[in-house]
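Next come two complexes, and both contain subunit A; in the first it sits with subunit B, in the second with subunit C.
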Partner chain A sequence: MELSLLLSGIETGAFYGLVALGYFLFLRATGAVNFAMGAYVMFAGVAYGSFSEDPSAPLMLAIVSALGAALLFAWITEDGILRPMLRRTHDEFGAVMAIVALMFVIEQLAGLAFGRRPILGRELLDGTVLIAGLAIDDHDLLALAVTVAIFAGVAAWLKHGRYGRMLRAVGDNEGAARALGLPVRRVRLVAVLGTGLICGIAGILVAPQTALSFQSHLSFAILGFIALVLGGVGTAWAPLVGGMLVSAIESLSARYVGGFARDYVLLALVILVFSFRPQGLFTIRVRA
Partner chain B sequence: MSRGREMLLTLALSGGFLGFVEADAYRQDLGMLAIAYALLALGMYLPLALCGSLSLAYNAYFAIGAYAVAIIAQQAPALLPLAVPLAIAISMATAALLGLVTRKLSGFHLAVATMMFGIAVHTWLQNTDSITGGATGIGDIPRPMIFGWALDRGALIGLGVALIWLIATAIARLRVSLIGVAMRAQRESEIAAAASGVPTAALRILALAVGAGIATLAGVLLAFMNRFVLPDSFAIKVVFLVLFMPVLGGLSTPWGAVLGALIVVAFTLGFDFFQGPGSLTFGLLTLAVLLLAPAGLLGGFARLRRRERSA
Partner chain C sequence: MGTRKHLIGIAMAAVALGGTARAAAPTGDPITIGVIEDRSGAATFYSSESVKGVKLFIDMINRGEFLFASSAVGTAPGILGRPVKAIFEDDENNPNLTAVKTRRLIENGAQIIFFVSGSGSTLQGRIVCTEQKILCIAPTNVSAKIVQPPNNDYVFTITPQSETASAVYVEAWKKLGYHKLAFIEDESATAKTVADAYRKAFEAAGLTRVADEQVEASARDANAQLLRIGAAEPDVIFDLIQSAPSSANLYRSAAKLGVKTARWGTNTITAQPKIWQLAGDAINGLLVVDNLAPDNANTNQVKAAYQKQYGADAPFVFLHSMVWDALMLTKKAAETTGATDGTKLRDAIETMADFPSSYGQKGNTLTFAKDRHNGAGSKGNVIVQFAHSAPSVVWDVYQPN
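Presenting the complex of A and B:
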């Protein structure tokens, strides 16, 4: 019993970690905290779920449409919203409003396209394995493995990859990177599309674990953001640590105080963390 | 537009609105919805447009107004006249406290912290059965009495329209007053304003508190109009809806917030906002306004008029 609880906590933590990694990459590239990211994940998950509901439908179609949707939304956010807005003003406020509006549009699109009921997706791998007397879904193991692989991939890419190294330069100082002749626009776009891909994968992985509806995105966005803030933006692995922490706090508060106490605990956590970890947290510049 | 002409025009439009919505019970319901949204939007407009402070806790202030009325009507009916000032005081104190706790946050961090507060209040309303009636809310709220005269639905709508006109006119005046100029100056450059002796943090908290007080009135009116309160009327999604109203109408005048509220009600015609295709249209419209006409509909309209005149 305790072991299965731990395992589901790790699964949830890995999921929050993936969302936080999406925030992390997007933040490095554009300087904006992309609140619509939870909506990318939700849309991909709901799309995957509704295309895979029919057991005879090909899984590939569901996967491709989920990833395609998340990539499309990420691209629209960068080229359709953030860059045109930043050309006009450097005020963070306009970007916050536009991202919230986009989040709302994606939510309503999902409701219109896939209906407003919760949808549970089909598992990528059927079957279970027995580990230490505990039956574990193959899908859940796959989800964990994919999550770790994504984190390792992003960490290696930031350290050694051509665009990954340029992304670190752009994230530190976009003006200087531009002056050095780095292809800033392309680097931003690559990182933003990477974010979309991660969100799409996260949506596909979570869709068979939890039934998603068109309104699931807000809690993804909030918990992912808290995970990012808890973990920090120091290394690519930090979001995973943050995700695990959020998941642990969430399940402990639900267990020892009661299910609804989660919202109070998270509020207290947000205010505490924002107040006592001021370095780099209090103002995030929207870089020019 | 001169100040006097603006007051006359908005007064005439308010009268027209009143004549239109008082016609039947269905229009009265739509009208009250528009009034509640407009008051919420005005409450959000004040800190947003003047100080640049984005707070997403407005569902909480909305709920404080409605539940103060409902709880006092249930527990101590004799004290009902005190419910309104009490609700406003609680809201303003809450907003000031929240503003104080989050005073160093900006942008996205402020948005998340205030949104978490709004969510926690909604959860509290749903789960504290002994005080708020839990998920079933509180019913049987009596009609408010003023000097021995019970206010019916029509009178409540008239009161709401009058409140909106007074508040919007007052905010328009405040904008160009010394305090308003100081508020907008600290929005443009906090360091420069602080160096000129503007008490920037105090002004921001003042704006947040007054905005919360205005939003509370929406809850008070809605509770008296419906004669019941339900926790789900105060979920966080209300905030996202209201947030777009001032932007849609235009931040250069408080009447933009009122226009935004009217547009939302016109788009949805009283159906559950989050169920129909009207909400998608509305979201896309907001996005288009943000990208193409950042001054909002009224701002864009004023610019067109200026261009015509100079041509």
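Presenting the complex of A and C:
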């Protein structure tokens, strides 16, 4: 594989991995697949892009608005939609539909608030480095480093953190966790806000890499979900592996078959995974 | 006292004269132009530019400001002495929605339809024009199919068609000794319509297509496509991408990969200032068969009016000029026939020749006939090169005439 393709593949895979990590944490906390994840990322990215377009505008305002928006949407999803719904009924399909509706609400809100034009955010770091003759933006390297740090942080939190360990218990069996007196609601909320934070950061990182519009969220949601399906939910690192796989398939199919082939190859792979290994590459091992 | 009376008399006479010199404001029921635009699809970024033109130029018509076109349309404000207004419908650049939205515009009172969404949309919308016998103009669409049978009876276009532009590309590339061509496009309906026309024309001219790449709408870069193109060793990369983010990604990827192959694109790029902004310096060097020439006085008059309204830095693109021309044609046709009946308007436009245009090279005019519903003249195209992230240099190697 050409170096340029490898580097852009890693960069893209890291982004898909972050979106998939959002899915992973939300799924662990609530048991629901949150298709609004792409919308959190899009809104945060478009907000960051809008506030940072003007070079004289303070970058901190753009960062805070992006993170604040993603956290707010995550909180609304849990405390405004999921929890009240599941308190009345255990219809998970209804909950997923409500989340999908929220996704389109966020899309339209982004269009209203920031316009329907594409927006490119300001890079967090200026400058480029040359790697084997290829110019790599400092921002891209930073994005990669931040992504790895987030994955390491989440993995350590799940393993050693108080709430992280409780999240594993809540995710494995919420009823049992409740019976043991664990603060289930608080644990869920912490994890859900964690997904908001991750999506906010993903939005900030991706906004300078590609022009975002209010409609960008659908591809983020789909590709992030595919990354989760491929990687599985066995470890916190599984979404990153899934993201890298999706990106590699994208790049390789576009390079060696043609740009038109990406969606066909990806969807064929998803069908294969659902048919032969629905648990993904990494699975949770529970001691007997 | 006598002097004072004298002065008052002069002042009153001046006021009276001034009042009669200013043409009366248009009155009566407004003439409604229905506009099919794209506010959320792949054509948003150029459709929105056209809409800005529609709004401003209708205001100018109502104020009686016709600039150079007054030689053809006179100076009476409005059309037929009546005010003009526009109503809008968003077809999302989805041809499946265009016919429905066009019908809705007509139900809401539109007497004339302007299509400023993609060519693919107009191909569907024109069916309603024929059904309802209503004048339709697609000022900015390049597809020749729009004015070809069937369902072309009531639809007109103004911009040079892709076939005309393709002849300019072929001539320019012959001068540069290019033979091998790489296509890159996106998956939009408009890109496909336009690309098919160019493919046919280039193949007929003997050019060899060595690569044919597609960029997915959600792709973050075009590295893989550019590497495939590089392996095919074309003389020129021809960009047919319609979406602004994808187009900008192409140039950013090309800059990162250090692509040296000559890059040419269509006027979709010059039509979308957003692409220039998103691509930054990466777009410099790109050559485009555009439709604006810096030395065309007609263009400059419309540009000055546009920038007076939207700011001195607001990019003025050929779409604005073509929308202006479409509105002037509409006024001329309506006032020639004294009606807004679609058939009479169509017949009037079919007799117009050498109508003064605001785009193209100096002296460009529009001419229509019963079998010629695209009015573009031979001087409608101008080859420009991007420098300082804008199409600012008229190419000195070759210009069509």
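Just so it is clear, the second predicted complex is superposed on the first by the 274 of 288 C-alpha atoms of A that agree within 3 Å, B and C clash if a C-alpha of one lies under 4 Å from a C-alpha of the other, contacts with A are read in each partner's own complex, and residues count from 1 in each chain.
We adopt the following convention: contacts are C-beta pairs under 8 Å (C-beta built on N, C-alpha and C of every residue); 3 or more make two chains touch, one makes a residue touch a chain.
Please read all numbers here as calculations on a predicted model, not as lab measurements.
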Note to self: On the A-aligned overlay, A:263 touches which partner chain: subunit B = first, subunit C = second, or both, or neither?
What the structure shows: both
**OP:** Please indicate which partner A:116 is in contact with in the superposed arrangement: first for subunit B, second for subunit C, both, or neither.
**Re:** both
* Asked: So, A:100: does it touch subunit B (first), subunit C (second), both, or neither?
  -> first
>> Applying the document's definition of touch, where does A:276 land relative to subunit B and subunit C: first, second, both, or neither?
In response: neither
Partner touching more residues of subunit A, subunit B vs subunit C, is chain B
Contacts of subunit A common to subunit B and subunit C in the A-superposed view 111, 116, 215, 218, 260, 263
The answer for subunit C against subunit A in the complex is residues 39-40, 44-45, 48, 187, 213-221, 223-225, 227-228, 244-245, 248-249, 253, 256-258, 274, 277-278
Given the complex, residues on subunit B that touch subunit A span 52, 54, 101-102, 104-109, 111-113, 115-117, 119-120, 123-124, 126-127, 236-237, 240, 243-244, 247, 274-275, 277, 279-280, 283-284, 286-287, 290-291, 294
In the complex, subunit A touches subunit C at residues 2, 4-5, 8, 11-12, 15, 111, 116-118, 120, 133-135, 206, 209-213, 215-216, 218-219, 223, 250-251, 254-255, 258-260, 262-263
Residue positions on subunit A within touch of subunit B in the complex are 32-33, 35, 80-81, 84-85, 88-89, 92-94, 96-98, 100-102, 104-105, 108-109, 111-112, 116, 215, 218, 222, 225-226, 229, 260, 263-264, 266-267, 270-271, 274-275, 278, 281-284
